[in-house]
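Scroll down for the structure; my scribbles are underneath it.
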Amino acid sequence: MALDIKTNALDQRRQTFAHIARRLGEDRPASRYEEATFDLQPGGAHHYRPTWDPAHELYDASRTGIVLADWYVLKDPRQFYYGTYTIARARMMEAAEKALSFVEKRNGFAAIAPEWQDTIRFYLLPLRHVEWGANMNACSITDLGFGAAITQATMFTATDRLGIAQIIGRIGLIAGGGQALDEGKRVWMDAPEWQPMRRLVEDSLVISDWFEMFVAQFLALDGLLYPLVYDLFDLAGQAHGASSLSMMTEFMVDWRDEVTRWIDAVLRATARESDANRDHLGRWFAHWEQRAAEALAPLATRVLGEAGIDALAGLRGELAKRAAGLGIPVGQ
Amino acid sequence: MSVKAIGAYRFAPADRVENFHGNQLLTLLWDDHLMFAAPIVVPVPPSMPWSAVAGEVLPQLYAQHPDWAKVDMGEVEWTLDGEPFEPDAARSLAEQGVHHKSVIRFRTPGLVGLAGAHF
Amino acid sequence: MTQNVSITLQNTDEGRGIIAAIMADNPDAVANRYPAMTKIDCPGRLVMNRETISTELGRDYDLQELNLTLVCLSGNVDEDDDRLLIAWNA
Amino acid sequence: MTTTTTQSPRAKKLGIKERYSYLTRGLDWEPSYQPREKIFPYTDYEGIRIHDWDKFEDPFRLTMDAYWKFQAEKERRLYAVIDSFAQNNGQMNVTDARYINALKIFLTAVSPLEYAAHRSYAHVGRHFDGVGPRIACQMQAIDELRHAQTQIHTISHFNKFFDGLHDPWHMFSRVWYLSVPKSFFEDAMSAGPFEFLTAISFSFEYVLTSLLFVPFMSGAAYNGDMATVTFGFSAQSDESRHMTLGLEIIKFMLEQDEGNVPIVQKWIDKWFWRGYRLLSIVAMMMDYMLPKKIMSWKEAWEIYFEQGGGALFTDLARYGIRLPKYHEIASAEKDHYSHQAWSTFYQYTHAAAFHTWLPDAGEEAWMREKYPESYDRLYAPRYAHWGAEADEGKRFYNNGLPQLCQVCQVPAFFTEANDPTRISLRTCEHEGEHYHFCSDGCRDIFLDEPEKYVQAWLPVHQIYQGNCGGATVPEVLDWYHLNGGADNLDYKGSPDEALWQSWQASKAGTGT
């Protein structure tokens, strides 16, 4: 055996694939993330134009106004490839399962003050439709985006958002069975407080530049919605005995913290490259952040009362600071 | 029939003759000699005389086969794009109707490859 | 003539239990063994019962765990909590 | 004490169907701020009529919690095997280093298709109107990414020792024979969503891929490659879900509108033939590249297409669907397919990133047994002649570049179904240009959509246009990133062979 290992060491012809070595600048052992990501999207000539978009090639960088010399600068700081991604999510889901079954078994939802239970059903259950819209947008970016680095991360995000929509669905089942979900959808479709949000989500689905979609969904909308719902609404719920809800939405809080690192890395690398990119990002952010704030205002007011508008303004300030920190010009 | 597409869907053919820098493509197929697994395609100027095809192009491609040395050029049965063809050694390909992507398929009577396997 | 449906499973410990359960519940099934996998053919339809598999494995089996052992199948699939059915003319 | 609850209307434990329905189907809504056709712009132009998207049944009903749980478990098991294979130098324990050449084809030809499938299932996973097919397609989209990545991670270890694996993504878009898989998948990706699913989910995954994965993976196990068999089977467990999507989507289209039947039939005809031609490479891998053989291409064709496919199409007959056009040609070719493919690569292996060789005596005996109709009569004499030439130092390489089929892009090496000694070559003229094909099947496909196939990037023609690095073979090989003298040529005399023999010698040394 010892001899085998020695032979092996002598005979190893190369440490990694040539395309990885070219990127690393030398032939040295590469990480699984690097081997799973770099240059996976085919270059070279394509055979046929898509019948669904004859103006472009199948993979075509000109589907967005953003220009990058190398699309693999959009690396994922989490270094997620399929294996690390699913194992991370399975672990988070295991914790979520425990929380859901704990609350269900102990009938924890019933311990929340009844009027706040109504409030939760009103603000939380329609969010599964927002998540479903986010799923479609992430999927759209995976479809039209350029380079495996960004499109694999958006694929993971697409299934994340479906998963979160289903966690909300399960909270709904605990909080009132199928009827609660049906009612949540009715609210989503008809309640005046939800209509600006539904309009925003539907408008986001038809954004033609996929990078603009990225900014609209992940920075502008999520950047305000997640802290509003999972931090501020949750905090307000504590006064009404809603700690069981906090347990059940822990997944979303952890997820947001994790995914923010990736979103920020993508935007920072994009902004860094050129004035033209910064102009695009600044314009898109200004537009969609305004829309998101308008869409969230009626919900903030409904849940937090008069304090809602101030709370939202505070979140907007923090988001603007975050965007500016990423190199995105934020309008004065 | 034509493609169903969401918008106008017409693109220039990838292999128009003008893309070949003065050459045109010629496909050659020697029947009963499956040692050459598929028809062979070569770029040739349309002005090339048949004598150059017979004297240079074909031997360069096929001389590895033991049958090639036995081929009597006068006996070869040629077809051009599916029709019987009697090449004129002195005239050019273009003058004899050999166009871009023409197929010249031929058999050599009495020479049917090795081991009775058309190989 | 009744056409075969088929299911192919990995030759793992779980796979062996599932194969045994299928063979017990489907008298017409035929198991073809290959390196690392077993292909079971059965005329018309084949049923996998959660309970039989649980008995074979000595633990509570969730049919969705089949995901870990399945290699290939042929036929229309219908799954509920207690059984998975593969059939033609479903 | 009995626990009772009166406070909230607690639901009784939901069954899998009901639970799935609440958690997924309920997510969608009828948009009112944007027109539906703007959100879903691609489901109309192919002519398929869908009246009720809710009728689509997803038979496995996976929700993301279960998906993450099972997939993570699969990944843990797989990477444990990959790690231990590397640590134990598993590459030294395969049956023979010739086997590695099958992995070279796999990594350069199949893994990139997994990636392409990932992106194109994301496309349809976004754009189908119905929730059911959308989620099924999205799960497939992420699964296909998994397959590309697990294949890279498994084969990465082999790349450290063997040639021909070092630059797969670069090669995929350039090397001549890799345009066969590339054009196949790009044909499907560039089609509308319904044709795409008919092509890949049904015709390829359901009807044909068992032929690729099942015997090949079983073959990997038989040849001592535990890493490959593990990723292969792990992928197949996802594949079963994908195949089921393929069958469900076909039934869905056929049940929704009678007008869909002829469209679907035409697609089945096209994609059966396109997929079958792609599998010529697999036929050769099965019969020639596995040192220990599981089953012949012919047997696999009989089990998986003639019997398995036969049962499937009998079942679909109630919708008015028949077996794919030219299936009888495919069955007639089963005695010849692998041999003709191997003969072709044998003579063009100077321009390929894998090795070829002549079968040894034991393998020839197997061929004779499996192919009594054809082997001794047509193929053994070839190998005898080539063997004798090679022994004299004149290993045969073809000096010319082959005519490629305009549609499948395989060199036109196939013979007439009724005469295995005559090359099948078909031609047509379209708008003043001439096009050549390997078969009636491929010509029919062209004639149905000529605007598509006139765009084909045919490697041989591209070389002659000067777009592939230069006019000489060495220049083209450089452009391919193919290391001449190492990646290509006969196995005999290759660095791979020398390495393998040194391992065998060192093992023999430790044994005594």
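Each chain gets a letter, A, B, C and D, in the order it is written, and its residues are counted from 1.
The criterion applied here is as follows: a contact is a pair of C-beta atoms (placed from the backbone, for glycine too) under 8 Å apart; a residue touches a chain by one contact, two chains touch by 3 or more.
All of these numbers come straight from a predicted model, not from anything done at the bench.
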Higher-contact pair (C-beta pairs counted), C-D versus A-D: A-D
Most central chain, Cα average position: D
Between chain D and chain C, distance of the C-alpha-averaged centres to the nearest whole Å: 26
Rounded Å distance between chain B and chain C, as computed from the means of their C-alpha atoms: 55
Distance between chain centroids, defined by C-alpha means - chain B, chain D (Å): 32
Numbers and ranges of chain D residues touching at least 2 other chains: 41-42, 45, 73, 192, 452, 455-457, 462
Set of chain A residues in contact with two or more other chains: 49, 51-52
Chain contact topology (line, ring, star, complete or other): other
Contact footprint of chain D on chain C as seen in their complex: 3-6, 8, 10, 34-37, 39, 64-65, 67-81, 88-89
Chain A-facing residues of chain B, complex: 3-9, 11
Chain D to chain C touching residues, read off their complex: 15-17, 59-62, 66, 70, 73-74, 77, 210, 213-214, 217-219, 221-222, 229, 233, 236-237, 239-241, 243-244, 247, 251, 294, 307-308, 310-312, 314-315, 318
Contacting residues of chain A [partner chain B, same complex]: 49, 51-55
Contact footprint of chain A on chain D as seen in their complex: 5, 7-11, 14, 18-19, 22-24, 26-34, 38-39, 41-42, 45, 63-65, 67-69, 71-73, 75-76, 78-79, 89, 92, 112, 115-116, 118-119, 122-123, 125-127, 135, 138-139, 141-142, 145-146, 148-150, 152-153, 156, 159-163, 165-170, 172-174, 179, 182-183, 186-187, 189-193, 452-453, 455-457, 462, 481, 499, 502-503, 506-507, 509-510
